[in-house]
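Just so it is clear, A, B, C and D label the chains in written order, and each chain counts residues from 1 on its own.
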Amino acid sequence: MTKSKIVSVDEAVAEIPDGAKVALGGWIFNSQPMALVRALIRKGARDLHLIPAPGSIAPDMLIGAGCVASTVCVFISFEQFGLAPNFRRHAESGALKVYDLDGPGIAGGLRAGICDLPYMPVPDLGTDLPKFAPEHYWPLPSKPGERKMLAVAAVKPDVCLLHAQQADEHGNVQHLGPPFFDAMIAQASRRVIVSVDRIVSTDTIRRSNHLTKLPSAMVDAIVEAPFGAHPTTSPSLYRSDEAHLKEYVKSSAGAEAFSFYLDRYVRNASSSAYLDAIGGSRLAALAVSETNLK
Amino acid sequence: MAAHPSLGETLAVLLARDIADGEKVIIGTNSDIQLAACNLARRLQAPRLWWISGPGGMVNPTRDHLLSTADYENVESAESWMDLPVMIDFIDWKVHFFDFAILSALQVDRFGNINTVVVGDQRKPRVRGPGTVGISALCGLAKRFYVCLTRHDRSAFVPRVDFLCGPGHMEGGDSRERMGLPPGGPRLVLSPLGVFDFAPDSKAMRVKSISPGVSLEQIRDATAFDIVVEGTPPVTTMPTDHELELLRKHVDRRGDLRRKFP
Amino acid sequence: MAAHPSLGETLAVLLARDIADGEKVIIGTNSDIQLAACNLARRLQAPRLWWISGPGGMVNPTRDHLLSTADYENVESAESWMDLPVMIDFIDWKVHFFDFAILSALQVDRFGNINTVVVGDQRKPRVRGPGTVGISALCGLAKRFYVCLTRHDRSAFVPRVDFLCGPGHMEGGDSRERMGLPPGGPRLVLSPLGVFDFAPDSKAMRVKSISPGVSLEQIRDATAFDIVVEGTPPVTTMPTDHELELLRKHVDRRGDLRRKFP
Amino acid sequence: MTKSKIVSVDEAVAEIPDGAKVALGGWIFNSQPMALVRALIRKGARDLHLIPAPGSIAPDMLIGAGCVASTVCVFISFEQFGLAPNFRRHAESGALKVYDLDGPGIAGGLRAGICDLPYMPVPDLGTDLPKFAPEHYWPLPSKPGERKMLAVAAVKPDVCLLHAQQADEHGNVQHLGPPFFDAMIAQASRRVIVSVDRIVSTDTIRRSNHLTKLPSAMVDAIVEAPFGAHPTTSPSLYRSDEAHLKEYVKSSAGAEAFSFYLDRYVRNASSSAYLDAIGGSRLAALAVSETNLK
């Protein structure tokens, strides 16, 4: 009766062309779309223009793997583990072009993208951002007595990669935790690809329908990817893998070390080989539990 | 008597004391000191303090330990759970919705402007920082803000930030208002060496109080601009036993502040 | 054979036939015919039709009877439940998010513009209608729209609407595109007397088919402008037994269409 | 430890001055803030400027009682019972100034109000609305290739009257059904007054915290008003009273008949006297039940 939107992880990324504007969902160490990111690296993507929600390893790994020509930066950080290592290295060498956007810049830009408006007015907060990203910020006229305003340019990704906890075959996607910018990114993007830890029935979707942050009309492809956010958190299913994040940071000290990491965990590893490399006992230990909280 | 407070505990207590009842605040993702300050204030003079998780939208969760505000476990005990697309209007646009925010930075300058973007030139930086996210809007639109740094040296306390992403008093004097920003700006800067405020007219940073055992000379040496000193600044009043007990028993039960900010 | 279809049933079936699988549609508050058409189409050629309640945000509820889309009972069986503040971006701004909408009106004119605001002058109207709400955005931004009227007379089919609140083909020809609107406009107008479409170049309303037992003269008399007639329009194909059975058994089990639109 | 926001219905409206811009929440026959509206009429409010969400009896009754100088009209209708009778009479006589707004006009206007922006860009849909409400709509410049845009003026009510199903004493308000425009209206308004059918504990609020559409920080006053939306629906608690709505329409045929209605149900009736006038058995029959659906 209905056509399923479920595809394999490799099928999902196959049609993302080099040079595409690729948005990434999640928030720092939550719901980074890692299975999709690894597939994109395996595919050998080049010259991407990234538009990441505040993130960590998803943009950092794509940058470190040489897939990225430029990135928007709202916030890219490894928090308690320090600065984002590959982002930092490529930005400091000048090889990576960075467009710094603040909250109003990304929120207003996505909303303009969603609304098919060329720009959105935001308050002029007197920052240095417009000086370094004049493509994104320009002054708007205001009348005497009105606050000073900037226009922020519409942000319209060609494709977005998101990770959520569950979806049905129609593409109704549920977040079992905060959705962060995912819904706005999906609405602003031309093509929406979502990996989920599990596929559920539409009856399960209906039962908690307030969790359907992306109704099927906004989703093009669903990828079943258990532990697909690893090593970051998939809210209510598993916590971030701090040991692996530390290993990642250590492996990112230089280009050569990082290439070794990529060979082991990404380039020569399918999704299931990746999970085997991480190991069953490690994954099992990430299951959600108060005792996992230090 | 309680064990000696760690740096993180002291900063949380000093901030908590400055919070008034009924105020509204937003807390970011990785904000142990901020969260501890707010939850401690709720135990003391500000039971009706209202806080919302910046990324996750949970309001007033009741945890007895420090948990990233983005963590889904905050959902269970929250009074409300808002989605970011619903929240962006009052986070990114609205004037004075929040009474205050507490921010960290790579650099803070003489007029309380902050920088979390780059040290050096944005196009080829010496240090590439994490970026701006909510900082510009909170500095620009909240009624006041605090800058809380766990280090105090000449690379952090600079004459002028290399990249202004959080507007403080801009060029000093009334330049913030002339720029068209609503009344506000930085109220206090806290560091391991002391507490700093801003002189009323010039809006230049000045010493408000000095940490026990620290000298004015130490502060001057660690600050890359002429910091205002009026008379002899008092010694900062350290956390009381009562404050520390509340903090350790009801706010930071797992001792994260002691571990992370010793 | 099933009982003779009521006017409401006939309109719902005629609309249902024009809906393609996988299309996206929004349904307003008091929309029995619209809702019946969409739910019937889901039972026929369009199982993946996606509909959302305009005011309430419930998606694809599975009721076997007609219920206001604003009714909270739609929540229980919906696939998603969105809040209006989250929905307004794609309702009020986005081009071609919706494939179609089905609208009623006080007046429709020769070029398919519609009016739900006032008859006469807005400042001192002869009839004060309910207003515009989503009509302007749906007519302007959906890929196409339908106008469904349960009466056909010279006060409803007018040369030019007194107040244009839903843009059809504007002044005819390519004036809609010249105005800067995306491709779209009215596809069909349905009334008790017949089904009407728009001539390809002039975009003037023309007779597509005539209800059984109705004459072309009747239509001309009831229409206050020169309606285009090409050749001899066919008689409208009435609901089949199968369509009526599905409608009465799975879509409008309580017979609201027969009661409200006999 | 905490200060309660609960006040009586008369206290809640006492400080609304004549001439105020008053927004009304709900949606047609859902959650019209009727207890508050009746209190406002009893108080003798004059020259109000109404900003109703798509509504029915709430704006219509205020207009019929002579409290209103002008109104925004997004949609004011009695649906299956016909056109809004008092709104119609006062608009057709020219006595009531009406500002017609469409969906983008009210949504963009409220959002501009929320955002402290002077206006919001919306698509120019080619309607006659700007001609009759130039205070609300004016053209924005657009570049070649961009869609045509209008500015819609910020909508900033002085006060809003909303009805929801439950709240705690702190002002955390929960909607047990769709919130419609209520949250946007609350955020755009200087003062937010909400009547609820019942007061609940904060623990009850926490248990279903996704239903808290108005967190306490956005609410100034709570009024406990059982059946406070009567004769309209309070989602999941009671259905609309169709018999009373018909009586209302009938009583609104002319000024004299309507004055009689007002005397009986509003001017000389406290909230409890009103409920007694409706009658216990009638109210009991409105309890939510599938059998109440015709």
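The rule is simple: contacts are C-beta pairs under 8 Å (C-beta built on N, C-alpha and C of every residue); 3 or more make two chains touch, one makes a residue touch a chain.
Given the structure is predicted, the values throughout are model-derived calculations rather than measurements.
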Chains touching both chain A and chain B, listed by label:
C, D
If you tally the C-beta contacts, which comes out ahead, B-D or C-D?
C-D
Taking each chain's centre as the mean of its CA atoms, which one is farthest from the centre of chain B?
C
Mind checking the centre-to-centre distance between chain B and chain C? Centres are C-alpha means, answer in whole Å.
56
Taking each chain's centre as the mean of its CA atoms, how far is chain A from chain D in angstrom?
40
Can you work out the whole-Å distance between the CA centroids of chain C and chain D?
28
Give the residues of chain B touching no fewer than two other chains, as numbers and ranges.
58, 75, 81, 83, 85-86, 93, 95
Residues of chain A engaged with two or more neighbouring chains:
111, 116-117, 123, 147, 183, 210
Testing understanding: with touching defined as stated, what is the shape of the graph linking the protein chains, line, ring, star, complete or other?
complete
Note which residues of chain B are touching chain C in the complex, please.
83, 85-86
Residues of chain D touching chain C in their complex?
27-30, 54, 73-77, 79-80, 83-84, 87-88, 91-94, 98, 100-104, 107-108, 111, 122-129, 132, 147-148, 176-181, 183-184, 213, 233, 235-236, 293-294
Would you tell me which residues of chain B are touching chain D in their complex?
24, 47-48, 50, 52, 58-59, 75-82, 86, 89-90, 93-95
Could you list, by residue number, the parts of chain B that touch chain A in their complex?
29-30, 53, 55-58, 65, 67, 70-73, 75, 81, 83-85, 88, 91-93, 95, 117-118, 122-137, 139-141, 163-167, 170, 176, 179-182, 254, 256, 260
Using the touch rule from the top, collect the residues of chain D that touch chain A in their complex.
116-121, 123, 142-143, 146-147, 149, 210
